[in-house]
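Have a look at the structure below before the remarks.
Chain nomenclature is as follows: A, B, C and D, assigned in order of appearance, with residue numbering initiated at 1 for each chain independently.
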Amino acid sequence: MEYIPNTEADCRAMLDAIGVRSSDELFADIPSKLRLKRGLNLAPPLSETGLRKHMQGLAGKNADVDQYASFLGAGAYNHFIPAAVSHLVFRSEFYTAYTPYQPELSQGTLQAVYEYQTLICQLTGMEVANASMYDGSSAMAEAVLMAHRINGRQEVVLPMAVHPEYRTVCRTYVSKLGLQLHEVPYTDEGTTDLKQVKAALSDRTCAVVVQSPNFFGVLESLDELAEAAHRAGALLIVVVAEPVSFGIVRSPGEYGADIVAGEGQAFGNHLNFGGPYLGFFASKQAYVRSMPGRLVGRTEDKAGRPGYVLTLSTREQHIRREKATSNICTNEGLCALAATVHLSLLGRAGLRELALLNLRKTAYAKAAISKLRAYELPFAGPTFNEFVVRVKRRTPAQVNRALLAKGIIGGVELGRFYPELSDCLLLCVTEQNSREEIDALCKAMGGGR
Amino acid sequence: MEYIPNTEADCRAMLDAIGVRSSDELFADIPSKLRLKRGLNLAPPLSETGLRKHMQGLAGKNADVDQYASFLGAGAYNHFIPAAVSHLVFRSEFYTAYTPYQPELSQGTLQAVYEYQTLICQLTGMEVANASMYDGSSAMAEAVLMAHRINGRQEVVLPMAVHPEYRTVCRTYVSKLGLQLHEVPYTDEGTTDLKQVKAALSDRTCAVVVQSPNFFGVLESLDELAEAAHRAGALLIVVVAEPVSFGIVRSPGEYGADIVAGEGQAFGNHLNFGGPYLGFFASKQAYVRSMPGRLVGRTEDKAGRPGYVLTLSTREQHIRREKATSNICTNEGLCALAATVHLSLLGRAGLRELALLNLRKTAYAKAAISKLRAYELPFAGPTFNEFVVRVKRRTPAQVNRALLAKGIIGGVELGRFYPELSDCLLLCVTEQNSREEIDALCKAMGGGR
Amino acid sequence: MTDEVRDKSSLAPLHQRGDGGISCGPSATGENEGVGVTGLMFEEPLLFDQGSPGRRGCTLPECDVPELKADRLLPRKLLRHDIPGFPELSEVEVVRHFTRLSQWNYGVDTGFYPLGSCTMKYNPKINEEVWRLPGFSCAHPYQPESLIQGALELMYELEQCLAEVSGMDRISLQPAAGAQGETLGMMLIRAFLESKGSPRKRVLVPDSAHGTNPASSAICGYEVLQIKSGPNGRLDPKAVADAMNEDVAAIMVTNPNTLGLFEDQIAEVAKIVHAKGGQVYCDGANLNAIIGISRPGDTGIDVLHINLHKTFAVPHGGGGPGAGPVGLKAHLAPFMPVPVIEKKGKRFVLNEDLPSSVGRVRAFYGNFAALVRAYAYIRSLGPSGLRRVAEVAVINANYIMNQLKDYYHLPYDKFCKHECVFSDARQLPHGVQTLDIAKRLMDYGFHPPTIYFPLIVKGAMMIEPTETESKETLDQFIAAMKRIAEEAERDPELVRSAPHKTRVSRLDEAKAARQPNLRWKGNAPKTATESS
Amino acid sequence: MTDEVRDKSSLAPLHQRGDGGISCGPSATGENEGVGVTGLMFEEPLLFDQGSPGRRGCTLPECDVPELKADRLLPRKLLRHDIPGFPELSEVEVVRHFTRLSQWNYGVDTGFYPLGSCTMKYNPKINEEVWRLPGFSCAHPYQPESLIQGALELMYELEQCLAEVSGMDRISLQPAAGAQGETLGMMLIRAFLESKGSPRKRVLVPDSAHGTNPASSAICGYEVLQIKSGPNGRLDPKAVADAMNEDVAAIMVTNPNTLGLFEDQIAEVAKIVHAKGGQVYCDGANLNAIIGISRPGDTGIDVLHINLHKTFAVPHGGGGPGAGPVGLKAHLAPFMPVPVIEKKGKRFVLNEDLPSSVGRVRAFYGNFAALVRAYAYIRSLGPSGLRRVAEVAVINANYIMNQLKDYYHLPYDKFCKHECVFSDARQLPHGVQTLDIAKRLMDYGFHPPTIYFPLIVKGAMMIEPTETESKETLDQFIAAMKRIAEEAERDPELVRSAPHKTRVSRLDEAKAARQPNLRWKGNAPKTATESS
């Protein structure tokens, strides 16, 4: 199906009006040697039924988290999404619109973004938030670039407890501008080594990045890190990949974070095999003109009625071109809308309860696993809904295979990212994991004793 | 979840305004002995996640037509439904509205019903159609009641080739008013025995009912039946349970049918384990004031702009009460909308092509089965997408069991409705059945040779 | 008819075709009437006045069998070749058409919809998700029993739930709506009475009853005798006793009734009717007001219907579908329609073998997708939640009644249950009547209440807020109603000429009935009778 | 700030709160401004100005583990106790809120959306169905390879399709949007040049380029040298030759370019750049115009990005997400971001082992749900369908160009490809400029085109109809544009003061920038810096 309304006759009538005999004449400006002389070598078209079956076939070759008990996290979280979220997000007035360049026809999108910006400020404890970034990892990289714009310094302290893929993205992004990344190790607590951070700080330090909960699920001591960073005149960038933690953990803003960037997928967005996700981005008010990304502001119309518009766009590529604060154009608007709807439904009490539920389930799982003789919990720091488990007699891969045989998708094998942790698994427990699932996990893990 | 916005505090404020201390006072008019002194004995509330899991569990205990190759029809048809249908029908402005009593706030529903009425007229070849009935069976019963209102006669000719459940419904409905039903048998062709119809006709005959394609999938000779009925001064009621046939089979209107009633599920409505379905209902213009059900008409507003309203409601229960043409109030509006959207998408060429596809697939299956030695096709009449197969060496139940073992849901065992056909199956083949499925069916059937 | 015949291929000038207009904020200049309509809202011609020959809106499955010509598959005389005038549209055109039409509609998701007697409560989104599970929505009714155990279990469990909530012994889930429930219920009564010797002749129906009650009685072959309500808006046992005799088959009582009042004499009435061998039918459309608080089955009745599209949050779909299960007492069970669902050990079965059954009122088993939603709703709320529904629904209704009683005439000044009924008696002297008030409410963004029903209140306005409305919404509605009362005095013409802010202004219903135009005829084939 | 602080519990009087108004057909009397807005459309306060303490919009899964207090689970100093000002709403309130907001929006499903350079084509509904299949939408990116074979196969196949369509050797599906594709593409070039000795310093960007091109160059550490377009709106090989030297890393060419013209000298330009060791980046945002007709990879380029949310019908989501895959020639393959998807026998694997890789531009693998839609789209259309897309898109654009060229100034009077660009030169003498024309189009029910871009056309109006619009729609749009041209002469103030029919009139963007109000602050905790 081509989804083209105009028939041959319609096209004929238009070609006549244009005054050409065939559409070929309209392509005459393409030099003959640049034209494709054959048809595209692609599969023939499928009917809607054919397509549906084909796609069901492909989808059927993937497991989904409804079929297996899954304990995967590591930056992508399986949370409950109320049915109302997709009902609302997929109202076509929302999802078939473009970026709201014309505010008079886009007040729905714009008010929702304004609400989203407010929610992100409330969650992070920051003063200003943008309309979204691509994902958590690129948001973090953009935060570093922004810090660099603010203070012009060149060195960045980047703990190893930050999500390894986020670190790779950061390196990929910032190295072209000559910024240097200093990776600092973690302690036995699973937290970033404060001493080493301090040792790395100097008056060349642009920013200290810290993820909390970090990649190991451990909450960092933001107060001390903030103090150290600020004492050196550096900015503190806090990264949050599991924002459900905002419901029960003190906000980065309360510790004086300068920029908070992270991944908002956990709110209202499906796992989607890794994307689209939602980069959120917030900072202190003072830095707003250095911010990347779109911002929506409240204003009024000619009659004085309130309305919303894209604003402060002199920061952006379409105005500032090579001097823009970022090259971002299309962002993750619909993911931000999903988060806004989900957060509205959760609300003040629900978000806290959700966070507490994650804490409780995780505590239950940790306690149970810590009783298994063949495992230990290497990190002592406080965790939210993820934690590292050391496998004592087998390899993590063996454990995962054994679990899979019981219909359980185990944890991320940390050796993939940390050679020194190649005997460890990173497990995640959310409100979606029932007690039976956790018990089954422990039982299956214990099977290897 | 109670879906109740008002909190205790909100209720308190309202109770204060009302001037009572508690809601109990508002129920004081219910005599104590008529009150329930205990809580309802029902399961405790489920969370949304709990409910989703519970319902997935129940749904998982049913087979669906996507898991099995299914050859069931008999009044409920598995047809392709374009994705756009449910996207549009489940826009909440449509599905959370009531019957359009207030036209100024219901122009969407009303224009769509007007379009639906037009489409039904076009399909059936009739002059006027109503906004929907409960389903095909009750629409047929209402057609008989309408015929009775029109000519006051008491006898109805009801062929046995009409869907057995429709006949039961008809009997259940009309017997209270003293109407008599004369069932007439079918011939070797699988068509209604015209001679017997003629024999049953008299000046007491109110109507001749005929289903085409009939329950055996065979197309009836409407011309001869119409002539016979009209000669006796009776009305011809044509029933269509598989309306896809309208795409390729001459319309009842062309034969002079007086009332056409039937089942519209095949257009845009899922199988839904039998309901909700869509009773459609059309007649000659002359009889419109005897019609049951709602009618939408075009009119204009005070400024002369066109608009749509419910009309001719003096026929209906809310005005005429016991003298109404029917007691129907709530109908199947959303099912009619689904049919309207589906028919709009199919369109002039698509509907014909769909009907042709059903014909071709069925012809292919018939030809293949007729080659199997252990089966024969007892009826020689022309069929649309269903046909009867006689099983020679085993019972139909045995054949179905063997098919099920191969992932195929076979046909309806006719012995359930016709003792004389207890060695027969009714098979249905639609565009949803691929050639491979049909081949697999034949192979599995042939396995019993 | 001529004004409907349009050449759909030619481009009508913008001002005629009226396409694509959006309009009309307070700052509208009015320079281009005819183009714009209201809001971000479009003129949208009929399906039949759009498109272009040869367009299509979907692809069909590929043909993988021999492509025989139609006339090799069917006798030529049976073949149809074309349907002139049938739509020829692409997918995008169809999508825009119905998207735009939807925007002309008002639903519960849009705002407050206090249609009395209709219980327009919010329809939870999770219920819309679960009924669509393929195991429910793609199951064929004639699948072998082993492949429909989930569906049967759900129906069996729903029966148990509804029996508990209603206090009845058995439930039939077959009826597609309340009125079909009434039909079935009255048929059960008729069958029962026939089994006792005679179906009897007459049914007593209070003057406040919904129109379906007398109409359903008539369909079952009964005459209707209207019973006048007592001065307090309730049934007077005396009036019933006077009308009751051996010719009377049954009484149909709506409880709570259409004035929003509980029939406190129901037990007395039932006793009177039973004493003379009659049966008591209860119209349970208003169950929402008493759920968990009082059970109709404990009040002496024999049969009842429940509207799942009211009390149990099944969306009304702009007209339907709903579901109208019937509850009955044990003595009526032999007459239930087939099939009934039974549990045999751990299996659920469909039993068609009920020799005294009245038969069926429809094919298959009922509006199953509606049943799924109602079951999900009951499981979400649980016992305490269901009771809370009644409490809050009644608080909300009484709050409106209390706040408006100084502005509108209240014929029955008592606490109400789920709804309150006002009249236009105070506005009539200013020449403003109920219809005007209803239309004026639209300008304030509210759907009007049910009007001119029940018939025993002249100019009735029947307001049912349901439990799913917030106090703030009720306060806004109350403020609008007060303002309209004020407008009726100060500027009655403003109210009489309402609505002013809808896509179309007041529609001429008289014209619609006088010159019925019930379908597009621009291009339809003319049949003999039609052209004559 | 004060005007935003509202007591949400108290009932604001109707005329202040402005709730629930619907309005304003042509017959509006205007008696109650302040209540109504436009159409069947509601005032809807912010989330934060609604609700009531203690309300909630969803239930969480039951807690089936010990319910330890928070301070037994986390150190007290880490605990947060509340988020003041966070929403407290019920499900129905949230549903109405976003339903109403949606009704203030214009989307492709609403009507014609000819935003130039954005390719706002219709988004097929089946694609929205298939990406939601649980096997796609509920798969975790770190699931074991054996449990994600379908996802990997889809991505692998999509790569093949895009490689064939674009004529490139390899495709990276990682970038989340066009601009991220540019970033990645320029990084690949940089890495390649580094491997040859030096990354070089400068990137040539034509003056007609989209703002993301220079911005992406800058992110990759390059200076930007702007190249002036030739008088025919295309790149002049001479100008490129003049600017090209060993300091120049690359040229970024958009083809077809933002004037809707095919860069007929692209092969020549590529030769010039390659001769000096530079690379050629192609911005493929406008691929829709040439798909199946000409392949960028056959024109001498080295890297390219494609916007799946343009050419491949992924909906734009009111801002995103999209996907911006990058195509590259073989010499750049060693630098591709990890992981790459490879087929080993019948298995698909993720390969992270690319020693020269630039790294990653994002976590995980890309905007997978967008990839699913694009793949579904390609499979629906097939080779001939894709080519037909380009043909009809170009016919549609040329039709508009032809029909309007007597009414609006056409700076480059040639056949165009996917879009045509006019300017306001003829209307300026009447004091009417592009912005006014754009706003006035809204009154006729159309989304405006892209305006003031490309920068090289003063007062540009860039109109891209796409192939999914019917001739009738184009004719209506053309008629509206003609009428506006007429209005600009006859009644310029009418155009200057547009829009007149939208929910809000022209918004004060200057004020928004001067006094930024970027979030609701009614109830937020004040931090030190903020109050200072």
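The criterion applied here is as follows: contacts are C-beta pairs under 8 Å (C-beta built on N, C-alpha and C of every residue); 3 or more make two chains touch, one makes a residue touch a chain.
Values in this document were obtained by computation on a predicted structure and should not be read as measured data.
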Inset, instruction - Could you tell me which chains make contact with chain B and chain C both? - result: A, D
Inset, instruction - Report which of A-D and B-D is connected by more C-beta pairs in contact. - result: A-D
Inset, instruction - Could you please state the distance in Å, as a whole number, between where the Cα atoms of chain A are centred and where those of chain D are centred? - result: 19
Legend entry - Distance from the mean Cα position of chain C to that of chain A, given in whole angstrom: 45
Inset, instruction - Would you pick out the residues of chain D that each touch at least 2 other chains? - result: 25-27, 40, 52, 54-55, 58, 60-61, 89-93, 95, 99, 103-106, 108-110, 122, 124-126, 128-129, 442, 468-471, 497, 502-505
Inset, instruction - Could you check chain B for residues that touch two or more other chains and list them? - result: 1, 3-6, 10, 45, 48-49, 52, 56, 66, 80, 82-84, 87, 91-92, 105, 302-303, 431-432
Legend entry - chain A to chain B touching residues, read off their complex: 48-49, 52, 56, 66, 80, 82-83, 87, 91-92, 431-432
Inset, instruction - Show which residues of chain D lie in contact with chain B when the two form their complex. - result: 25-27, 40, 52-55, 58-62, 89-93, 95, 99, 124-126, 128-129
Legend entry - chain C partner contacts - residues on chain A that touch it in the complex: 1, 3-10, 45, 47-50, 82-84, 87, 92, 105, 302-303
Inset, instruction - Enumerate the contact residues on chain C facing chain D in the complex. - result: 11, 13-14, 17, 19-33, 35-42, 50, 52, 55, 90-93, 95-96, 99-100, 103-106, 108-112, 122, 124-125, 442-446, 468-472, 475-476, 479-480, 483, 491, 494, 497, 500-505
